[in-house]
Amino acid sequence: MSELRAVKIKDKIGECSDVITLKFHDAPCSKAKPGQFVMIWLPDYGEIPLSLSYIGRESGITVKRVGNVTRALLDLEGGDKIGIRGPYGNHFSIGSQKTLGVAGGIGVAPLMPLELDTLVIGTKSKDEMPLRILREMESNEIRVMPITEDGSYGKEGLASGLGLEISDDFDLVVACGPEELLYHLYQNLNKKIQFSLERLMKCGIGLCGSCAIDGRRVCADGPIFTDLELKEFGRFKRSGSGKLIPLKERF
Amino acid sequence: MADLGVGICGIKLRNPFILSSGVLGIARELMERVGEAGAGAVVTKSIGREERTGYKNPTLVELEHGILNAMGLPNPGVDNFRDELSEISVPIIGSVIAEPGCEEVAGKLEPNVKAIELNLSCPHVKGAGADISREMPIAVDLIKSIKGKVALPLLVKLGFNSSLELGKKSLDAGADAIVAMNTIRAMAINIEMRKPVLSNKLGGYSGPAVKPIGVGMVYELYQIAGDKTIIGCGGITNWRDAIEYMMAGASAVQIGSGIFYRGIEIFKELGDGVEKFLDDEGFRDIGEIVGLAHE
Amino acid sequence: MADLGVGICGIKLRNPFILSSGVLGIARELMERVGEAGAGAVVTKSIGREERTGYKNPTLVELEHGILNAMGLPNPGVDNFRDELSEISVPIIGSVIAEPGCEEVAGKLEPNVKAIELNLSCPHVKGAGADISREMPIAVDLIKSIKGKVALPLLVKLGFNSSLELGKKSLDAGADAIVAMNTIRAMAINIEMRKPVLSNKLGGYSGPAVKPIGVGMVYELYQIAGDKTIIGCGGITNWRDAIEYMMAGASAVQIGSGIFYRGIEIFKELGDGVEKFLDDEGFRDIGEIVGLAHE
Amino acid sequence: MSELRAVKIKDKIGECSDVITLKFHDAPCSKAKPGQFVMIWLPDYGEIPLSLSYIGRESGITVKRVGNVTRALLDLEGGDKIGIRGPYGNHFSIGSQKTLGVAGGIGVAPLMPLELDTLVIGTKSKDEMPLRILREMESNEIRVMPITEDGSYGKEGLASGLGLEISDDFDLVVACGPEELLYHLYQNLNKKIQFSLERLMKCGIGLCGSCAIDGRRVCADGPIFTDLELKEFGRFKRSGSGKLIPLKERF
């Protein structure tokens, strides 16, 4: 049970082009587990699912601008209020395993509260690389391996490729990012994996079915999965009406 | 051990615990899963002729004692939806939005479902559901046109705002059962934001808070239903709730928000709890408790 | 510090927190005590022409999320009751059972009260309240006859089952304010006893569970009320609830079951909490938040 | 908060003419405090307030036949079910004070769970004296002083008189019984007193006002009082309609 509450933005941090972090105090979030998400409401704009990128006395979300609500979130300032419900969903559990994180761009958000050994993070180019976050993770003794498609920062190539390459050194891989990335990892890795999926979310609490994938609900049975049948994963999602559509189309 | 099997309008169900409309019944694999979890039957999301995206988020919010939603009847439209229904092993009841032409929707669902449920009562969509039920003659026409088109049993789902009179008229018009009840018109305002939370502002209230209202409605309907069937719905989260509805007069019950409170496992919990109660109290067949509170 | 004073139909109240009808308002000293505890005004038990004993016990039962009661409108009759009202220092609103001849009851109360509240909505007494409100023309006649007889402001109290239309018609007929809402028709069955708990079987549901329903009703009434007043009631147990109702459009709120959940001290809690909220959010006068959620 | 539940009668004990004790298991009652009451529901008969005369793993009520519901309660047998809500109301608190109990007849019920020093109990005659209860209290090291109006058991006279006579030896007096008795004690005792009152109860939880006495609610502000204004106490009660009537009339 988690009623909606309004929280005040304590801090707004610009991360890289189109990405910010917002921090706030919220009792339920302070007790969340890594990988859980919240539903963030901006009156007149809408409500969207966002992973908690910080969990603690100050919790936070790290948001990339993609559409209406995220755009409005990027425009907020310290002192503004957002509506929040959750945390919802299941969570990563890595215990003391030597863990490799693989993030595609903003997919780094749910991995940030984890005690990773190594993080591979891929973006198109340097200006999409959240450098402050990388430094912060390094200062937490995480080895960070950035990779860009154009080679403008770190290695050149794809996060999935680099992740697969070095995965032998780890007990466990955790991943979040575009579904192609996750699908590619899942298909090619011979290692335990926990990956965080995205689907259109409405209720966020397992009732409406709009986040359904292969008989699971991303909001309530996920967002973290370790195995999935491969009927819809990587191929289909559901639109706002509940219709199954190929993954490339807009929601 | 007491027998939980029931016959609802001639359809045999292994137990009286039915997934209510709008909850999970939009995706094939989820319906299948609810069947595997033990549900006696599954009602689909309410389906219309055309695809509808529904309202924008927030479409649902948890409240202290229940759940408030205004999804806006999102559904893929009957032509897209039919495919979701093929080869599901649990009995499916097809919910149909009360709108002009809904008999065609019912007709298209017919091959894949065991019964039709007419949603006369969505409390927050203009021109559909509850809005129509205020227009009693229109509701009666819709019922007659569906009965004229499909040979399946027809359940009519009412809201609390629907009068007993609408229940009576629906049965007289040919409905085989009444489902009572849908969500109740309500609102939540966040006082810091100074706004209604739902994008549609008004929504429908469900969950534990509404149970006594639903039980009262079933009790009153039972008294006018004659030999027709009443199906209870609203706030059922445990086996005691299910029995309360059945003693009020429900031959079966539907569970919606309970999926949030107890998980999909709720169907097993209901079965185990009700069976134990029946055994302890010396009932042999669940049918014996239907309407018992009227004696 | 923000000003909590409100004017309701021309009556000045030190704050908008009013004791609702049927709760404690039967005994002089209790009304006085509620005034001393900080209430802005007190509504009496609904009073009729003749003495009524009400139903036999059980007349009330606590439920998980609210309270269910069917007292049966017990009251000493207006001639016996008048004495209870002399010299009370808190403003008194006289609640009158909607029954033929109620204008005489209102007339007898007039010297001792600041306003009349017409209870059009008791959900469980035949021939009074909600039963009458289904007969819209009768309700309108009662309103007109009271307005014709007494010079006091007239509040009309509706149930959730009353349509918005009855609200509109009541205001058109001369009511100065609408009180929304009364308890909601409901039932509790004890499954071991296999019986409805209340001796009247059906009762009225109040308390935290019903709050979102009341807020929605106030929101909708506010949109049709023009410059008339809406008073919110249903499930208020803390200052956030009171503010929610006021943002939905209520100029004042009534508290009933909250007395059970929080004690008579609830009036002080409401005052302190609302005042702090107004100060924190930069409001100077409580009137500024009325209807704010409509903007 | 206390929802209604059904409990099974474990034991029925005949006490004296027209009085029985019923015992049952009930979690909320097991945590009640002496002096609190419950609302007992018998379908088709009604619901009435009764003090808890036993509190513990087995709780109990001790009932005197006066009308419809009590008559039906006397007809119950072990295994039958009763509806119960509560415990409600405030309670006696005697701490380690040397306490005298004064009971008029069935008024002994709420005093039974107390660690009294001495109990004065008065009835009309011997056949109304609950002898088993007296023996049980004695075995709990309570000095019991029975008194009957006709002298057929113990001393001859009134409990109030005897109570006043010996009250000097005690720190505190607790009392329950007919209102004349309580009124008499209250008026004449120069000692701390806690007495349990009766009024017509409907809701039992402080809402309906039917138990009002001098601005207090017997169900929620009582049933135990230590002081009262003397306007209604001893003189008036409220009828089912809420009308104030002289105490001798029926409810």
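Think of it as A, B, C and D in the order they're written, each chain with its own count starting at 1.
Just so it is clear, a contact is a pair of C-beta atoms (placed from the backbone, for glycine too) under 8 Å apart; a residue touches a chain by one contact, two chains touch by 3 or more.
Because the structure is a prediction, the values reported are computed rather than measured.
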Neighbouring chains common to subunit A and subunit D, by label: none
Subunit A to subunit C, fewest steps along touching chains: 2
Between subunit C and subunit B, distance of the C-alpha-averaged centres to the nearest whole Å: 33
Intercentroid distance (Cα basis), subunit D paired with subunit B, Å: 49
Whole-Å gap between the CA centroids of subunit C and subunit D: 36
Shared interface positions of subunit C, touching two or more other chains: 63-64, 188, 192, 195
Overall pattern in which the protein chains touch one another (line/ring/star/complete/other): line
Pairs of chains satisfying the touch condition: A-B, B-C, C-D
Subunit C - residues contacting subunit D, complex: 22-27, 29-30, 32-33, 45, 51-54, 56-64, 67, 69, 71, 74-77, 80-81, 188, 190, 192-193, 195, 197, 199, 256-257, 259-260, 263
Complex contact set, residues of subunit A against subunit B: 1-6, 39, 41, 43-44, 46-48, 81, 83, 85, 201-210, 212, 214-215, 217, 238-243
Complex contacts: residues of subunit C adjacent to subunit B: 63-66, 68, 160-161, 184-189, 191-192, 194-196, 201-203, 205, 208-210, 212-213, 215-217, 219-220, 240, 243-244, 247-248, 277, 281, 289, 292-293, 295
